[in-house]
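Some structures are shown below for you to check.
Below are two complexes that have chain A in common, paired first with chain B and then with chain C.
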Partner chain A sequence: QTTPDSIQRQVWDGKLPVCFVLPEDPDVPPLYSLVPRVGYFPALLDRLRAHLSRHAGIDEDSPGAQQLWLRSAGRPLRWHLPVGLLYDLERPKPPPLPWEVEIRTRDFPTDELVSFGPNNSLESYFLYCLKEADALKHRARVINEMGEREHRQLWQGLLNDQFDQFSVVNRKLMEGEAKYLPFRIYQQGADGGLSVLQCLAKPHREDSTPLTLSDLLRICLPNFTDPVTLATHGVSLPMETPLAWAYDKLAYPDNFLHLVLQPGRCNSAGDGESSAMQLDSSRILTVI
Partner chain B sequence: LSGPMLSRSAFNEALPQLLARLSGRLSWPMRLATVGAESDTPVMELQTSFLVAGPAADASDSAPVLVQVRLHIGFSSAYACPVLHFCLSQPDGVPLAASDAADFVRVNVESSTGEAAGQLDLASVLSQVPHPQLGCPMYTLHPCRTAELIGRLTSASEADRDGSGEVRDTNAAALAVLSWLTVYGRAVGLQVPPECFL
Partner chain C sequence: MDKSAWAELIGLRLKQRSAKEHAFAAVITAFNKLQDRLELTKQKNMHLKVENDKLKSELSSKLGNPDGTLKSSGLSAQLMEQKQLALQERELEFLREKDKLNTQLHGLLNDLHDKDRELQSRDAQLLTAKRRAAELQDEVQRLRSEIEQLRDTNQTLTDELQANQLAYNQVEASMKRLADENADLIQRWMEHKGKMATKVNKQNEEALKKQQERVRRELEEAASEPVNIHLDASGSDSPGYGGGGGGVVCLPRRLDAAMDSAHDGEVNGVRWSPSGRLLASAGTDRKVKLWAVSGGRFELRGSLTGSNASVNSVCFDSEDQLLAAPSSDYAVRVWSYADQRMRACLTGHSNKVLAAGFLSLGNRLVTGSHDRTLKLWDLRSRACVKTIFAGSSCNDLAVSPTLNDLIISGHFDKKVRLYDCRGESGVGEMQLAGKVTALDVATDGFKLLAATRDNQLCVLDLRSRLLLHDLRADGFHIGLDHTGCCFSPDGQFAAAGTEQGELFVWSAITGKLETRLRPDQQQQAATIIGVAWHPGGGCVASCDRSRHICLWA
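Moving on to the complex of A and B:
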């Protein structure tokens, strides 16, 4: 029997097999890992450094190991985004599994990638995302009422794959009436540029009926007419899905619903054969 | 929230007045710009260079180093308040190492507020994040308490004469943003001259 909780649990449990390789030294064996879709690549940095230390003779404290970054299909992986979102964004279609990700130890792209480390922790960034989501939902009242201990518990729960530890605190953020629902719509361009769209969306229309995903597209992309699909966690969503329902069941641990815009209708057989989408770019904020 | 909220449109309309109030009184070069693919998101850009003491670890060579600060003042719809994004780099454009960036902010905050080093939990309010429109990594101070601050500032200034819950008066909005900048600008060594409020 499916309980409402089980969708959130399935989202949490989703994992991607990843194969980390070091192209600059082909003798180094790859590192295989089952990475949580809702997790973040920088959380694996210590493991990657240990691997390089053991097999590539790269000391963990060396500049190369400290300025390590990741690449997929020739592009830096924007690792401030959750792993599953990055995979779903890959063009022209999600790569075969295990997902081959390159480790680089030189030429960190400082103008493109956020640098995570002891002075800019992933935990701090995760909290930054949670705060923004709660600002949209509850004017940040709930997250500000929580103490540092609960903030810490959210992060530790995510880091250690402890759903119950995470949920007991996250429940407070997810319950109650939300003023606006936190979401972002992403579209990866053929040139590697990423468009990120975010706007203010209430859970209900003026007439109090639930706001749907197609309503959302009309708000965010008013001049857009081509058929598109919104997908999350690798699943296409019907356009009549209420945003509030999608948010409640499918939001990531950072309390955002991350949606990928794809060409074609939901349930269409198209799997990436279409070329670059025809979008009215006047409504899209393009982010390099 | 105690006072009326700042809206994005009030903020946008206040930017030219903010520029006018600061120009000529603050030595930082500044301008209004627009960001985003549609170039419809106004921001204020300011920049300057500071001479700071060299890294403490290198005791033999404590020559001062030049740090370039590039500051963006924008608006966060989520928090309904202004937000600061900044880059810190060496003169050749190479970004400051994260530890040096944190030290820079810490020194600026301490020298302006007198708070002792140990009491300041910078990590919980300073992060390097992708700029919401530009996408490039920039530092920001978490705006979580900013909305509270703005609310206190606007309620004190009777900025909500029509009872709408929003600051609609451009002058009031500009002064609110200026007050906010007085507080948050300290993190990057920006000191708002009192004459700007006249």
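Moving on to the complex of A and C:
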């Protein structure tokens, strides 16, 4: 059982304050929202469109509203990745909160972004991630044994922020002996490019001791010598953390452990409170 | 590092992150709420603006002053207005459609109602038709049963008719048979009767013959006996007129005696008393005189007075005590002639009383009058008991004692009427050829002698009411309307007087004229009014207009 204080619950409950602005029309008031870290941006598109049609006079059916895309720090947001991951990827340091995301209505970058249409393609993508993860863990046995209702329940649980609804089914996927642990390591390059690293990693070493993150690095980046840190969900992880434990506690709802490679050494406890809250007061408009 | 260290570290770092990142939650939610409220207020504002615009435009249109400032509404307001108009239009359309649908619905409901009503009426019609059909069925049933009954009764009636027909045929046949038998029987009876009658006739003839034989024989015997016969004026044979009844009747041969000036006027009638001792005569001198005749001489025994007019006739009662004298003073007087006292004076007739007759049973008198009535009187009460309207003046009366006091009256209208003294109306009548002047009944009461004005005497049988004989003769003329006639006591002879004073005598049996007697002297040739045969049969008394009373023997 997960208590509200447990790590899994905290992981689930993590929310980011996001401020959606329409730069082409500064009179349009921004949309502030607490977006779940484990959620996806495309799930908010309807809300964005409603906001625009109400305030920006952009009809929901208009092509601009239909081709909405998001940009942050001059780069399109790769919204097939979870929100938290996207925020953690921001270089050189995490943007000040609330995270300002630009809404774009024109020039959809089809070569960089996946266009999630209205036909549940986001749900399909999510399920695809689950299947891939389960394939690595259980040769897809568990995911295939589940019916469509349970798949639906997983997605709905995620969409509606219902932890219990989601974890009832997810437990099946997370329990048991995993063959390989599904994880990905991301690094945002200075030019805006993203490099993704995925390789096979058993949960145990040859001597049946748990595999640690440092072992993982050595496996995935054998020639990397710079001091780096692996972070996820906005927290950097100590290198001694067993991969299996980390996966079990810190995996995203899509059953993957998304790790962000950050330069710099991971300090021990007591070295985490570096960035303070920075409220940009000019972005909070007074209520008319 | 041990397990708990890195776990704790990670937990701690997660907590720090959450605290940092969730710091904005309250602000953001507040901000969102404010946004929503802002939106709401904006919308309200928009509505109010639109209304305001509308009102202003109305006002301006009323004032005829389009204000340009009213037209300037914000873009969003215009949009809102357009949207609102569009919505209103849509609303109107919806309302119109709703109305249409409503009307359709109403129409359909009405149709439904009509159809329901039709259905109900059809049902009611069906019900009544069914009931009617049931009734008709019942009636058909009833009529059928009636027909059955009628057929049965018809059958029974025809059977009865047949039976009746048979019975009737039988009865008819039997009746025919009986009728034939009856006819047969009647015929035989008639034959039998005829035979009987002829036998009786034969017997009678034989008896008569025998009697005649006997008489002849007696006569022969008498003739053969030498008898001293001295002829004297008093006539032959027997002391005829001195004696009483029962003497042998013989024909009068000549005028025996005559009494001159018997009355002071005409002598209307003469009558012998039943004993034959006295002769009564009635005259126009209003007197009734009583004579005793002996030896050719008349002795006046008494004179009965009291009548106020001429006495028309006289008659005696059967007991030889009373004498009735009807007179022309419309009254009838009854005397007892033994003491010559008047016993009764019977008035009541309205004209002269011409005839009277005593009835054999007790104290009754019948009178006939010129006033066309007959009256029956009771002598004890001296009152008229009955009045019979005869219809014609009665000239003479006679009573037949043997026929239950049959009253016979002869009338002016040539009829002889018969009355029963007890009945109201006449028993019969006989038509004669002439006015009936006088009547006389034979002593046996069965024969009637009627003198009629056409100069004949009729002999009638009272039982059969048939005319037996017509007595005529040459030279026989009846002189007066009340000329009399009479039978002989035995009924063999009938006598009547003529205008010339002659007395004619016929045989009442054969009808032949027996004698015709002329008066001796010329002075006696006067019209004979009344004749009376002595009860002993020896002589005949006659009275005439010359006041004579003659005796013929």
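The criterion applied here is as follows: the second predicted complex is superposed on the first by the 260 of 288 C-alpha atoms of A that agree within 3 Å, B and C clash if a C-alpha of one lies under 4 Å from a C-alpha of the other, contacts with A are read in each partner's own complex, and residues count from 1 in each chain.
Here, a residue touches a chain if its C-beta (ideal position, glycine included) is under 8 Å from a C-beta of that chain, and two chains touch if they have at least 3 such contacts.
For clarity, every value in this text was computed on a predicted model and none was experimentally measured.
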Scan A:194 for contacts with chain B and chain C and give back first, second, both or neither.
-> first
Could you look at A:21 and tell me whether it touches chain B, chain C, both or neither (first, second, both, neither)?
-> neither
Using the touch definition from the top, say if A:119 reaches chain B (first), chain C (second), both or neither.
-> first
So, A:169: does it touch chain B (first), chain C (second), both, or neither?
-> neither
With the two complexes superposed on chain A, say which partner A:146 touches: chain B (first), chain C (second), both, or neither.
-> neither
Give one of first, second, both or neither to describe whether A:135 is in contact with chain B, with chain C, with both, or with none.
-> first
So, does A:127 touch the first partner chain B, the second partner chain C, both, or neither?
-> first
Of the partners chain B and chain C, which touch A:80 in the superposed model: first, second, both, neither?
-> first
Where on chain A do the contacts with chain B and the contacts with chain C coincide?
-> 284, 287-288
Chain B contact footprint on chain A (complex, rising order) = 78, 80, 110-115, 117-121, 124-125, 127-128, 131-133, 135-136, 139-140, 143-144, 148, 180, 182, 194-196, 198-200, 281-288
Any idea which chain A residues touch chain C in the complex?
-> 7, 10-11, 13-17, 29, 32-34, 54, 57, 97-98, 233-238, 240-242, 245, 249-250, 268-269, 272-273, 275, 277, 284, 287-288
Per the touch rule, the chain B residues reaching chain A in their complex are 1, 36-38, 41, 76-79, 94-95, 97-99, 101-102, 123-124, 126-130, 132-137, 140, 142-145, 147
Would you tell me which residues of chain C are touching chain A in their complex?
-> 1, 3, 5-18, 20-25, 27-29, 31-32, 34-35, 38-39, 76
